[in-house]
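Take a look at the structure below.
As written, the chains take the letters A, B, C and D, and residue 1 is the first residue of each chain.
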Amino acid sequence: MSIVLGDNQYGKAETRVVRIDRDAEAHRVTDLNVSVALSGDMTDTHLTGANDKVLPTDTQKNTVYVFARDGVGEIEEFGLRLARHFVDSQPTVGRARVRIEQYPWTRLELEGAPAHHSFARSGEGTRTAVVTYDGRQAWVVSGITDLVVLNSTGSEFWGFLKDRYTTLQETRDRILATAVNATWRHEGAEDTDWGKSYATARRALLDAFAETYSLSLQQTLYAMGERVLRTCPEIVEVRLSLPNKHHFLVDLAPFGLDNPNEVFHAADRPYGLIEGSVLRDDAPPAGMAW
Amino acid sequence: MSIVLGDNQYGKAETRVVRIDRDAEAHRVTDLNVSVALSGDMTDTHLTGANDKVLPTDTQKNTVYVFARDGVGEIEEFGLRLARHFVDSQPTVGRARVRIEQYPWTRLELEGAPAHHSFARSGEGTRTAVVTYDGRQAWVVSGITDLVVLNSTGSEFWGFLKDRYTTLQETRDRILATAVNATWRHEGAEDTDWGKSYATARRALLDAFAETYSLSLQQTLYAMGERVLRTCPEIVEVRLSLPNKHHFLVDLAPFGLDNPNEVFHAADRPYGLIEGSVLRDDAPPAGMAW
Amino acid sequence: MSIVLGDNQYGKAETRVVRIDRDAEAHRVTDLNVSVALSGDMTDTHLTGANDKVLPTDTQKNTVYVFARDGVGEIEEFGLRLARHFVDSQPTVGRARVRIEQYPWTRLELEGAPAHHSFARSGEGTRTAVVTYDGRQAWVVSGITDLVVLNSTGSEFWGFLKDRYTTLQETRDRILATAVNATWRHEGAEDTDWGKSYATARRALLDAFAETYSLSLQQTLYAMGERVLRTCPEIVEVRLSLPNKHHFLVDLAPFGLDNPNEVFHAADRPYGLIEGSVLRDDAPPAGMAW
Amino acid sequence: MSIVLGDNQYGKAETRVVRIDRDAEAHRVTDLNVSVALSGDMTDTHLTGANDKVLPTDTQKNTVYVFARDGVGEIEEFGLRLARHFVDSQPTVGRARVRIEQYPWTRLELEGAPAHHSFARSGEGTRTAVVTYDGRQAWVVSGITDLVVLNSTGSEFWGFLKDRYTTLQETRDRILATAVNATWRHEGAEDTDWGKSYATARRALLDAFAETYSLSLQQTLYAMGERVLRTCPEIVEVRLSLPNKHHFLVDLAPFGLDNPNEVFHAADRPYGLIEGSVLRDDAPPAGMAW
C-alpha cells in the first residue's frame, strides 16, 4: 500500500471586482465576485513544495483585474476569456474553472429620469456563471441565486405517505416560499446571447412559480425547470435547489380566535430542501459542466 | 459598599410574523421581525428569582401574533398598539420598547399585470420602527436600513489633514458607496401618516444621495439628513450611520496599463464609518426616542 | 426654524491587525479588530465639504498598524495609547473612542509540549475593550462576547405573571443556555492590571453561571454581575446582555414515548433577551464609558 | 425532443437536536444539526403533484427526534440508523443521505473539578458525518470543519511560475493560516470505532499542520492527508479544502519603520483556496461516499 495524490485544484477565490463603464453619459456598473480554480500537473508542489508549475493565486487575481480593464461584457464571456487564458498560456494548467457572481444594481431616478451615475443594489437575485475549460472544450453553466419568492395561496400538500412518525396535517391552502437557486447548461455554448438567455430564463422561472397551482414544491420545481427549457431552446438542462421556507399558521385557538390563513410564523430551521434536475431527453452528457 | 441592580429590560426578540391580507382579490404580504423589551419593577426576579412580576417572553410572542390577527397596518401603529398594551395592562411594566423590521416584497407580474398572490423579496431597504411608551408618552423612531447605494462619479476627497501617518492620495473622482442606515423621530407622533412619511423620507434620502456633488461622505450625510427634514415637516431629527464602502482603484501600471477610473477592488474591511445627527434647531429633546 | 448638525463622529472601523511577537522562541499571536471613532470640530466637512480638520480614516488605519509595531500589550493599553494619540496630536479632535476585539488563539501541542509557532483559534469568547478619551479623562470598558454556555439542569421557571395571552407551561427543570455578552467599567482605570482583571472577571462570570441554581435568567444575570464585582474590586459596574437560547423539550407523546428531559429542539428565533446592569452603590456616574 | 426529470432528492435540512444524557451524575451534551435527503421513485410528485410516495420532510424531522430518544452515540452510527430506517421502511425510498454536524461542548470547571451540568461551546472544530445508504451498501464520510489554525513561521513561498501578470514577491517567512475543512472515508465502515477514529484523524491533521515546514499550502495539505492515512488504517481517502487566509505584512517604510515579520493585515477576501484528495493506491472507488 502506498499513498498518492488524487484530484486537486487551487486558485484565488472571491476576487471582488467592480467595473464602471464610463464611455456613455450614463455609466454602467458591473459588480462581480470571481473565483478561479486551476488544475493540472501539480504533483511537485504537493510532494516536495517545488512551485515551478504553480501560477500564484495572486497572479490569478491580477489577471482578473487586467482582463476587466478591457471590459467585462456578459459574465459567461468574461469567464470564458479567463478560463481560456489560464489553460492556453500555461502548459502546466490542464483545466480552469471560473465561477462568477454578479450583483444587480438598478439605476436611481433623478428628477423623474434614470440617473446617470447613481445606483441602488437591488434584490432581484444574483446572476451566476461557472465556466470550465480543458484546452479542447468549454462548459458553461449559468444561473441565479438568492431570488426569494412567495405565493400567498395556490399551494396544497396532502395525500402524502404516512408512517408511525407522521403527525403533519394535510393542507389545502398554504404559503409556498422559497429562495430560488437555479443553474442551467447550454448546448453549443459559444455563440449564445448570454444576456438575453439569462433574462428569458429568469422570467421563465418567475412565471412558472407564479402560475403553477402547486400540490408539492417538487411539482413547482419541475414546472420551473420545464418552463426554462420550453422558452430557451439553447438550454438543455436545469438544476434547481429550492428550500421550502416554512410559514406555519399560528394556532390562535387558545385565545378564542380563528386564523383564516392570515397570521404565520416564518421559521428559520429546519427547512425542507427540494433538489432536482429537469432536462431534454436528447441532452448531451453534462461532462464537466457542474 | 453594596451591590445594586441598575437599568434592566427583558423581552422576546425577533419574532418573525408574516401576515397575509386576503380581503381583496390581490393579497398583501406584511413580513415583520418584532422585538419587545419591557422594563419596570423587576428587582425580585433578579435578586430572588420570584417571577410574579414577570410577563414571560413567550407571552409577549403570543401577543404579537394575536395583535397581528386584527391587522398590522403601518409598523409604527403596530408598535404603538403593542407597547401601550404591555404598559397599560401590566402594573409592573413601566416602559415598553418595540422594535420592528419590515422586509419589502414586490408583486410579481403575471401575464403583463401585477400578480394577485405572487411576490418577490426586493432589495429596496428594510423599513424599521422603534416605539417606546412609558405610560404617559410615546416616542416613535422610524427608519430604513440595508439600502445600498453607489455613485460612480461626483465624489472627491482632498484637502484633508495630514500627519506623519498619512499616505492617502487626494482624489478628484472616486466611487462613493454606502449602506444607508437612517433613523428619524417625529413631532406629535400619534397623528402621522406613517406610510406617506416613510415613502417621502426614503425618497429624500435617495434624492440627496444622487444629487449631492460630494467632497466628503460627511457632506453627503448632512445633505441627506437635511433633505429629509426639508421634505418631511413632521420629522425633527435624522440620525445616519453610513459605512464608507471603499472601492479602491486597481493599480494596473505594473502591467503597462492605465486605469481611468474603470476597474476597482471592492474591499470588505476595514471601512470608514460616518455617523451623525441632523436636526431642527427647535427640536424637542430626544428623550427616550433612541 | 433652521437645520443644524448634531452629534457626530467618524473613523475607520474593523482594521484587522495581527501581531506576532517573535522575541522569544515561543511566538505569541495577538489578533485584533480595531475600530476608531473621532469627534470634534467637524462642522465644515458636513456643511461645505472642507476637509482641513478631517484626519482621514485611512490615516487612522495606518496609525493602528504603526502603533502595533511597538507592541500591543493588553488591548486596554493599546486603546488608551491610540485614543490619546488622536486627541493629543490633533487640535480638531476633541474625543476619540477606540473599540478593540481580541480573538483568542491557543497553542497547539507538538510532541507532547506546547508548540512554539502553531496555534488554533479557540472558542473561549472574544475579549473586548472600548476606550474613550476627551483630552482630560479616559474611560475604559472591558468585556467579553461570544461566550456560549449551557446548564443542562438546575434551572426552573414558574410563578410568572399570566395574562390572557399566556400559554407557557411552568417548568421545574429546563436547559439554560446563553451567549454571554458582558462589559464592565473600572475605577481609576489607568493603573489596572488589565490581563489579570480580564481573567478574573471571565472566571467569575463562568463560575456564577455554573453555580447559580436559577429560577430565572435574570437571577443568573444578577449573580454573574455580582460575582464579578465581588471578585474584582477595580470594577464598579457590569452590564450583561444574555439571549435566552431556547431549548424546547420535544413532545414525543404522539409516538408513544416519554421524554424525560433528554431530547430538545434548539431554536434560532425568536429568543428571549435579558439585559441588565449590576453596580456598586458608590459607583461614579458612567460618563462616557459606554 | 421531450423533457424529462433527472436526478432529484428531497428532505428536511438542519434539524437542530440537542440530547442530554442524564444517566450519570455528570450529564453529557450532544448537539447536532441533522439534514436528511431521500431519493427514489419520486416522478409522480414532480409531474402531477401526487404525493402518495412522498414521506413528508416533517416526518423526517420527527424521526430524527424519535431516534435521538434512544440515544445518539457517535454521529456516524446515528446517521446509519436513520439512513437505514428511511430506505428499509419505505419502498419508494431508494437512497437516503444523512448529513450531521456536531458542535463541541467542553465541561466547565466548578471548584477545581469538571462540572457535572455546565458546559461551554468550544472552538475546536465541528465534527461532521455524511452517511449514504442505498438498501445494499452504506458509505460513511467523516470529517471536521471550522478548525482555524495558524503557523507564525515555518512557511515559505518562492520559485513559482511567473507570467506577465505576476507581481507577487517571493517570501522565505510568512504566516500560514487556514480553516481546515476535511472529510475522509473508511473501508469496511460498519465496525469502526468512530469516536477513536475521529480523535486520531483530528490529532493527525493538527500534528501535520504544526510539524510540516511548508513551501506551499499544497505541501501542507498533502502532509495532512498523508498523516491521517498513516495513523488511521481504516481510512482510505482524505479530501481537504484549505482556504489560504492571507496575512499581509504591512509596509511601514513610509513611516520610517521596518517590519520584521511582526505586523500583519488579516484580509477577508480574496483568499486562496487549495483543494485536494490524498488516498491509498488500493482504495476502492469512492462510489456514493461524497
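One rule holds for everything that comes next: a residue touches a chain if its C-beta (ideal position, glycine included) is under 8 Å from a C-beta of that chain, and two chains touch if they have at least 3 such contacts.
No experiment lies behind these values; they were computed from the predicted model shown.
**Student:** By that same contact rule, can you tell me which chains touch chain B and chain C alike?
**Tutor:** A, D
**Student:** Is the contact between copies chain A and chain B built from the same residues on both sides or from different ones, judged by whether over half of the numbers are shared?
**Tutor:** Counting which numbers both chains contribute, over half are shared, so the two copies meet through the same residues.
**Student:** How many angstrom lie between the CA centroids of chain A and chain B, rounded to a whole number?
**Tutor:** 30
**Student:** What whole-Å value do you get for the distance between chain B and chain D if each is reduced to the mean of its CA atoms?
**Tutor:** 38
**Student:** At least two partner chains per residue is the criterion; list those residues in chain D.
**Tutor:** 15-16, 62, 66, 165, 167, 254-255, 268-269
**Student:** Okay, in this complex, where on chain D does chain A touch?
**Tutor:** 1-16, 35, 37, 42, 45-59, 61-63, 66, 89-90, 92, 156-163, 165-168, 214-219, 221-222, 225-226, 229-230, 237, 239, 243-244, 269-282
**Student:** Which stretch or stretches of chain D touch chain C in the complex?
**Tutor:** Residues in contact with chain C: 15-22, 27, 29, 31, 62, 65-66, 68-69, 104-105, 108-110, 115, 117-124, 147-154, 175, 206-207, 209-211, 247, 250, 252, 254-255, 257, 259-268.
**Student:** Inside the complex, what are the residues of chain C that reach chain A?
**Tutor:** 164-165, 167, 254-255, 268-269
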